[in-house]
C-alpha cells in the first residue's frame, strides 16, 4: 500500500522507461525496486532523482560502501522504513560485513544518544570548533 | 547558555575528575570540550557516556574517520547544532579532506531527499530486501 | 495493531459519540477513520483534537487543499505513516491533481535535502532575514 | 532574531492582552516569555495554544512535574532549542531536583539510542505487544 | 522482516545466551522480545545495550513507570514503531492506567505542536531561562 | 560560525562564480545569501543544488508562494533554523500575508500534534486510503 500506484514496466511512459533502462544498465541487474516504480508516475522527478543519485553514490573521495553506510545512518535517524531496508541490502551487496554492520549500528546508537543529550542540555558550541573563518 | 552549568576543572567531583583525566589521556590533549563539562554535573552519566563513546569510536571493522562521518550524518538528520560542529572538527582532526567532506554532504543531502520522498509516498518494502530469514 | 483498541460505534461513550456525529456531519460521510476510533478511548482528547482540526483546516486565508499539502509535508518530514496516507487521500478528495502532487513531492524532497545540508554545515542566519524588529 | 516581531505589552491587541492577563493570573507572575510574545501576532492562535496548554499541563492523572519532564523529552528528540530551555526552567520551578534531571537525561539518551537501533534494524513488532483488540 | 535474522535461543552464541539469561532473570519472565533477538547477532552491542538499559530504567530519583512514559514520548517524537509498541506495553505492565496514558498522549501532542510553532518562528530564548551560570 | 568558510565573491572558483551569476540573474538581486556561500566550497554540489532548486521552485502546477510555505513546513518539522528564517523571508518576498502565515503556523502545529499522537498510538492505516492499486 502506497500513496501512488507502483508502475509495472508495461505502464511506463517512454521517459520513465528510458530511466529504467539506465538503472538496469548501471546496476547490471534487471530488477528495479519499488521506489523507482512509485517515482515513475512523475518522469521528471524520476529522472532528476536517479541522475543525482547515480552521481552522488559513484566512487570518488569516498568509496561506495562508505556512502551506503552514511545513507543508512541518515535513514535510521529519520525512521525511514523503506530506506533502512533498501540501503542495508545495497551495503551488503557492496560487501559490508556483519562486523562492519555491527559497528555502524553502534555508532548510530551512540550518535542518537549524544544528540539527544546535547539537544536536551543545549550545550553551547566551543569556539575551538569554529571552522568558518579562513 | 545551557540548561546546566558547564563545570570548570576546579568544580569537578572526584568521580568526574577521573573521567576528565581519562578523556585527556585518551585524546592526548588537555582540552575538554563543553559536552563533557555539562555532563560532569552527573558523574554517573558522564562515566557511562564516555566509556561507551571510547569503545564505539575506537578502530575496529570501521576506521575512526568513517565512524566520525557516520556520526555527522546522524547529527545532521537530527539538526543537532553542537554535534555537527564537534564531530566535523573531530573528522577533520582525523584527516577528513575537503573532497571527502563534500561527498559526505552530498550523500547526506541525497539521503534526506529520498527519505522524504519515501516517507511521503509510503513505498512498500520489496520482498527482495528481506534479510531476516537465515 | 495499535496501542489502543479502535472503538466501534457501539462501544463509544456518549461524549465520543457526539464528536463522531459532528465528524460525520462536517465531512458529509458516514465513514470515520481509525485515528478518531483510537482517540475515542479518551473523549476529552478526541474532542479537543477534532475541534481544533476543524478550525485549523477550514477555508480562510489559505484554501483547504493548500492546507492539506502543508499537512502532508510535515507528515513526510516526521515519517508519519498513517498521516501520509490519510492526508494524501484527503488532498486528493479536495482536488489535488497528480501534477500538483508531483510538485509537492519535489518540494518536500528539495526541502529535506537543503535542511540536511544546512544542519550539517550549520550555516549562520543572514541578518537580512531578520523580521523580528518592527 | 525571530520570523515575527516579539510584541511588547503596549502593542498587544485587546484579544491578545486578555490572554496575557490569563497567563499572568494562572502562573502568578508578571513575566510573559517570548513564545507568547511571538504568538501574540495572531490572537486566535495565541488563544487556542494557551487554552489547550493550560488544560493539558494542569494536575490530573499525572502531576505537573511529570508532564514537564515528558515535554522536555519530546523537545529534546525534536531538537527544539527554545522548548528545551523553557521547559527545563519550568520543570525546575516545579521542583525537579538535579538527581531527577540526571535520570531524565539518561532515559532520553537511552531512548534515542534504541530508537536509532530499532529504526536501523527495522525490528518487527512482537505480537505479544498488541493492545488493539479488546 | 528485519535487516537482521531474529535469533532463536538455539542459535545464540554463549555470550548472547548469557545476556538473555540476565534479561529473563531481571524481568522474571521467559519471554525475550524481538529487539534483543536482533541485537543478539552482535553480542557486544547486545551486552552494552542491555547493561545500560537495566541501569537507566531501574528505580531511582524517578520511578520506573515515569521512565517508561518518558521513553514513549521520545519514541513518538522519533516515529519509532517498535519502540512505541514495546514501551507502551512495558508502561502498562508497570501499572500505567488509561487515564495516565491519555494525559501522556495529550502532553506529547502539545509538545509536538509547540515544538513545531517554535521551530517555525525561531523564537529567541529568554535570558530568564539561563541556568548555565552558577 | 559554520563548519565551512563562507566564501566572499573574491574567493570563488570560476565554476562557483558562474552559479552565483545565475542566482543573481534569476533572482534579480545582487544579494547572495550564506547558504550558497557555504556550498561554494564545493562547486559541484553548489551547481547541482542550485539547478535543482531553480527547477523545483519555479511556477508550475503549484505557485511559488505555495511552494515556499510547503518548504517552511518541512523546515519547521526538521527544526532547521537557517531554513525557517530564509524561507519565511522568501515567502514574504513572494507576497505571503500575515494572515496566511498565521494559518500556515496553525496547520504546522496541528500536523505536528497529530503526527505525535499517531506515532504514539501506531494507528493502522485504513484500507480506504489505499491509492496504490490502479
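Letters A, B, C, D, E and F mark the chains as written, and numbering starts fresh at 1 in each.
In this text, a contact is a pair of C-beta atoms (placed from the backbone, for glycine too) under 8 Å apart; a residue touches a chain by one contact, two chains touch by 3 or more.
Keep in mind that what you see is a predicted model, and the values were worked out from it rather than measured.
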{"item": "Equivalent interface positions on chain D and chain E, same or different at half", "value": "same"}
{"item": "Cα superposition angle of chain B on its copy chain F, in degrees to the nearest 5", "value": "120"}
{"item": "Chain pair repeating A-D, as identified from B-F, E-F or D-F when over half of the contact pairs by residue number coincide", "value": "E-F"}
{"item": "Distance from chain E to chain B - Cα centre to Cα centre, in angstrom", "value": "20"}
{"item": "Chain A and chain C: spacing of chain centres that average the CA atoms, whole Å", "value": "26"}
{"item": "Distance from the mean Cα position of chain C to that of chain B, given in whole angstrom", "value": "33"}
{"item": "In chain B, residues with contacts to at least two other chains", "value": "1-4, 6, 45, 48-49, 52, 73-81, 84-85, 88-89, 102, 104-106, 108-117, 119-122, 124-125, 129-132"}
{"item": "Touch list for chain E against partner chain C, complex", "value": "79, 81, 84-85, 88-89, 98, 102, 105-106, 109, 116, 124"}
{"item": "For the chain C and chain E complex, residues of the former touching the latter", "value": "1, 3, 41-42, 44-45, 48-49, 74, 78-81, 132"}
{"item": "Of all residues in chain B, those that touch chain A in their complex", "value": "1-4, 6, 31, 33-35, 38-39, 45, 49, 52-53, 56-57, 60-62, 66-67, 69-71, 73-78, 80-83, 85-89, 92, 97, 99-100, 102-104, 106-115, 117-126, 128-131"}
{"item": "Touching residues (chain side chain F, partner chain E) in the complex", "value": "72-73, 75-81, 84-85, 88, 104-105, 108-117, 119-122"}
{"item": "Residues of chain F defined as touching chain A within the complex", "value": "1-6, 11, 48, 52, 55, 125, 127, 129-134"}
